[in-house]
Amino acid sequence: MSHTDIKSLDEFKILARKKTHRVLFNYFSTGAGDDQTLEDSKAAFKRFRLKPRIFRSDPNPDLGVSIQGHPIRVPFGIAPTAIQASAHPDGESATAKAAEGFGTIMILSSVSQTTIEDVRKSAPNAHLWMQTYVFKDRRNTIDIVRRAEKEGFEAIVVTVDSPVMGRFSQIRVKYEEFKEDESEEQEKQNIPMKSLVNVRGCPSDIERAKAAGDVNITQYVRNQIGESYPKWEDLASLRKLTNLPIILKGIISAESAREAVAAGVQGIIVSAHGGRQLDGVQAPIEALPEIVDALTGSNVEVYLDGGVRSGRDVFKALAIGAKAVFIGRPIIWGLICDGTSGVKQVLQHVEDELVNTMSLCGCNRVAEITPSLVMHESQVLSKL
Amino acid sequence: MSHTDIKSLDEFKILARKKTHRVLFNYFSTGAGDDQTLEDSKAAFKRFRLKPRIFRSDPNPDLGVSIQGHPIRVPFGIAPTAIQASAHPDGESATAKAAEGFGTIMILSSVSQTTIEDVRKSAPNAHLWMQTYVFKDRRNTIDIVRRAEKEGFEAIVVTVDSPVMGRFSQIRVKYEEFKEDESEEQEKQNIPMKSLVNVRGCPSDIERAKAAGDVNITQYVRNQIGESYPKWEDLASLRKLTNLPIILKGIISAESAREAVAAGVQGIIVSAHGGRQLDGVQAPIEALPEIVDALTGSNVEVYLDGGVRSGRDVFKALAIGAKAVFIGRPIIWGLICDGTSGVKQVLQHVEDELVNTMSLCGCNRVAEITPSLVMHESQVLSKL
Amino acid sequence: MSHTDIKSLDEFKILARKKTHRVLFNYFSTGAGDDQTLEDSKAAFKRFRLKPRIFRSDPNPDLGVSIQGHPIRVPFGIAPTAIQASAHPDGESATAKAAEGFGTIMILSSVSQTTIEDVRKSAPNAHLWMQTYVFKDRRNTIDIVRRAEKEGFEAIVVTVDSPVMGRFSQIRVKYEEFKEDESEEQEKQNIPMKSLVNVRGCPSDIERAKAAGDVNITQYVRNQIGESYPKWEDLASLRKLTNLPIILKGIISAESAREAVAAGVQGIIVSAHGGRQLDGVQAPIEALPEIVDALTGSNVEVYLDGGVRSGRDVFKALAIGAKAVFIGRPIIWGLICDGTSGVKQVLQHVEDELVNTMSLCGCNRVAEITPSLVMHESQVLSKL
Amino acid sequence: MSHTDIKSLDEFKILARKKTHRVLFNYFSTGAGDDQTLEDSKAAFKRFRLKPRIFRSDPNPDLGVSIQGHPIRVPFGIAPTAIQASAHPDGESATAKAAEGFGTIMILSSVSQTTIEDVRKSAPNAHLWMQTYVFKDRRNTIDIVRRAEKEGFEAIVVTVDSPVMGRFSQIRVKYEEFKEDESEEQEKQNIPMKSLVNVRGCPSDIERAKAAGDVNITQYVRNQIGESYPKWEDLASLRKLTNLPIILKGIISAESAREAVAAGVQGIIVSAHGGRQLDGVQAPIEALPEIVDALTGSNVEVYLDGGVRSGRDVFKALAIGAKAVFIGRPIIWGLICDGTSGVKQVLQHVEDELVNTMSLCGCNRVAEITPSLVMHESQVLSKL
């Protein structure tokens, strides 16, 4: 399968489901609570309809954008997702190589199974951003920022929607369900587990847990992150710590967006954490309009992740006012399917769809993707 | 199964279905008419979306509230539900012990199978409220209020949505359906029936009915309650009868809420009677905004029951303006599963979810759960 | 089965399906086109939610209404439906006896299989209204009006939504479908066919058609009615012809309602012809508000039929402003089930539900069923 | 089957599915992306409800309209669809004969398998319009316009929504899916392929592709059309080239509609290209109101295609303001079923339904089909 053969990104998901362990597929694919936000984040994109303009398209539209002052080839990048080495043996390095080859940004998760240093080694010229939590032990955050700076990462992405973990013991439950028809021992051996090597202050809990036969991945991650309760003071400290742009990921309300501007950040990512934190949160694409509106006049760049499953979705987010979009789960499906090559195919498919959408809507550069080209279904007939 | 293993309260329901008689499961689980309000009461919560604030959460948010002047550990309690001894041998006493141990309010149904006095004996320090109907023979109401006062109950909850019974012969119909594949005699023997011992003026109809082979539970309850047609004069009499706070349960319109304030009550519970009285009634969570609005400036506390199935639902009701929320059916599922322990697990799961939701929304105390943190789906884009 | 055993009118439909021929069940149950209006007429009722008032109900609410100056025991009657002798051997006479015994209005269809005179003989004291088309040969209309007057019918109901027939060859298609597994000859013999005896000017087409082996019922009816294209001049002629109240059945727009008032009619029935004429027509209950609004201040009574499947539906229509409601298909199901007794059970079930709904909403007489007791789902939160 | 036997146009589709090759059925029936616009274009018609007027209908309503100055018997015609000789051996000629016999317009696709000249020969008196792309090599466009003029075509329809192709490799994917259970060789032989003979400048790619065993039809068409990127300058050139009316097909926004007026076109077709170009585009029938509104006062005629599946749909589009409607896929189903006769049956069924709808709504001529006869579901209760 190559990207030119597929109709939609869902085909990567279908293939990935066959190629990975069920426990891991569940870990990557599911959300928190009743999965309302997980599903609604995707459905909400469809509630916006396109309103193309004719006779405006030139060949080869320019997808280039300037993100935090860096020219980036396309207005979409790779969202931070955890434990990529459980998706593919090459893990985060494979993803970084794809980002480098493709010419876009990869946000490296601090909950990774490859070190910051090794990821950089794999992709010396990649646009890398470093995601970090405000860890319970703040020294972990300092350590990660310092190392990211040293390795030439271009921004620090602070996840702000996770003062505590939002997912309950979902994985364990699902695990219990299918134990019935499989040998438990065999089950555990099949799960490709690696330590979370980036959070250096933490003991190697995964190794110990594996020895104890514990396969509850959510619990692993929860232990590494702890209950952190970040505050605006933490952001102020971080602001003093680094000259890198600081991006807040996980804002869904205009009020918090305004406070972020006042706090001097360089960007925010409108995000519901992939539906994995608080279920019932508004879909990012429907929260975007009021946030863009609230930040009019500021220099803070607004990005979005959550529910992006096609180049058309990227286009809609840009039209509403996002500067760029980040893609999460589809990258994991590509990674599972074929490592660096799989990730590139996913990115290429999105690019092809975005180029196509721009051409069909009459846009030759990203700046021409304006609000008049989309309409929310609740606005139908509102002009009459 | 412990509460830390489950993903949602629905798992208690699934387990309870396996552990109880079908006639009783139907009695507890179904609603009136076409079950529209039963289902819509749950669905309506999902039509409100959360809009979290970042960087505000401290560890261990304070869930404490003052309800009718009493400090209560959590802003949710146990709604009155009938015939709990048919759900578990320990019946209402088991539930009261759970409320006591958990530190919240239990509203005891007057249609109980344990006496007021025995419930109090089981849980000497519980915050107990006494539910009562305005019975056809008003002396029953007087008797119940007097005894509740004597046993240190802290409020009288008057059900106001039941001048007549709203459910038709639903149970009988369903009973007929499954008679085909089971011995009718065996069927009857399996249903754990006990008398409705709290309404003392009434004859022991259940014993007689059992002798006659009648298993129509709805009819039992109907006979005990009768057609009562309460009026505001009855409330005035009740007001004179007791100094306990009076709470009206079953208000769904702002007009009746305003009249309740004028009549000098201390609280109202916005409720559709669990979808068991009049089918087609507006979902409580969607009726709540206009009622809260109508009561602005009064000292009357507004509560809600109906469709609450998670801590997120509790949070939404509090955000819109409820002072506290009461939970019905999930308590019964916990009671069926494991008596006092099962009820505690249900309550603990809701608390865990509420704590989680508060932390993820940036609320450290209940007073910080404000309307700006929720948005109805019909309001999407309304600000643009 | 008695009416006290059932949960909803749908149970009569389920039973009727078992008791009648498939061709006839299809004839009675289906609609025109894609059945959009057929289904939407029912669904639209559910989009209105009830907003009860408390502490207002007295025992035994008074359901009596004055319809066209006659006191009628309940605010709902029997809509005109064709070929009732194909539903039950006693046909229209059985229905009339039920109406008489129950104390409400029956509208007799001119496309009946029992004569006006025989129907009256069966039910000497019934409140009978006579439905008529403006037939292609207007002498048929005159004949029917004259005979109805003579037999003491109390009103003339003119169907105004049928200048032509709206249903295409649906029945034939469905008939073809199931021919495969049944002998065609046997099939035809089983269908209880009788002539349309009321339209006297027409030849006995059904007898001839039966001889020719044609079982296309729609075609029968179409031939009897013809293409009539009634005009306001026809109404003026009719107005001169009789002193009986004239009711126009089949109005769905405020404009036509206003014209009807100007033309001097005594009533209109908001109706989509049971979804059997023009598919895609607005649901009657959603057309009702603007029509009631348009007729404020006139003496013209507004009724409704279409999609009424419970006493709650009757209540909603009355609340919005209908003076009475007419019920179609459920009457046929009762008739198929058990003749006069079956129709009475249907009527009684609706009455029981209406009484129950009135009591639960705080209404002691029909005049107290006011608009504030219902809210359309599109109005949720509109007050905030 | 004759048109008088069917209930809806869907029956032609069901029959066509049985009569044609799966690869071709998929080619004709599917859309781009997730098929959102394909499905929504049909569903959106149902969101408009009819509001009939009574007592206005005369027999034999006049369906005649003047389209671009030509009297046309009915206000609906045949939309351009590609490769009709793959649907039926007689191909575009069969369709043209049906249009001629029926008295309406056929828009001939430039991506046809019959030449302009041969189509005209088959139907000397047909109202033929010529669809053309602004081809990559503009000489093809000039050639087609010149030939269409010479053959007495009455208008030039320029597709403006296709600067590039919008469909990805959907057909190939579906083809792969069913290869498993069929011999690939046999598969290819069964597909009735013919060259795209109208675009004369292009080599006979289909013949070559067939020799190479390539059955990817989308790729064929894509190669013929190329990436064209038309501009308003191209329209200006075309304007100078011909005195025939120029119709722009594929406008969905009011802004582009206004620009088309300014550019001096004679008509526009509001269209989403049958959901085959950009998925997510607004449904044509919901885009129509604002476009009609924008063009008030101009002489430019507005037409619509997309999702029209009944005479009721035609009526709704006319009511909102379309001058005429064009029908795509149902024509193909008729063509597959029975060539010229099948297409005529489809047209006749739509006419019958339109006549019926007009009669039932009180319209005797097309000019009487006005906006007050339809209401969008979002406008329910808006008048109150």
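Note that the chains take the letters A, B, C and D in the order they are written out, and that residue 1 is the start of every chain.
Methods note: a contact is a pair of C-beta atoms (placed from the backbone, for glycine too) under 8 Å apart; a residue touches a chain by one contact, two chains touch by 3 or more.
A quick note: this is a predicted structure, and the numbers were derived from the prediction, not measured.
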**Item:** Given chain B and chain C, the chains that contact each of them
**Value:** none
**Prompt:** So chain A and chain D: same face meeting same face, with over half the numbers shared, or different?
**Reply:** different
**Item:** Rotation angle (°) superposing Cα atoms of chain C on chain D, nearest 5
**Value:** 90
**Euclidean distance of C-alpha centroids - chain A vs chain B, Å** = 41
**Message:** Just the number, please: Cα centre separation of chain B and chain D in whole Å.
**Reply:** 59
**Message:** Please output the residue numbers of chain C that touch at least 2 other chains, ranges allowed.
**Reply:** none
**Message:** Run through the chains and report each pair that touches.
**Reply:** A-B, A-D, B-C, C-D
**Complete:** So, in the complex, the side of chain B touching chain A is made of residues 4-8, 11, 46, 48-59, 310, 312, 316, 352-353, 356-357, 359-362, 372-373, 375, 380-381, 383-384
**Prompt:** So in the complex, which bits of chain D are touching chain A?
**Reply:** 33-34, 36, 160-164, 166, 168-170, 172-173, 227, 229-232, 234-235, 248, 250-253, 255-256, 259-260, 277-283, 286-287, 289-290, 293, 376, 378-379
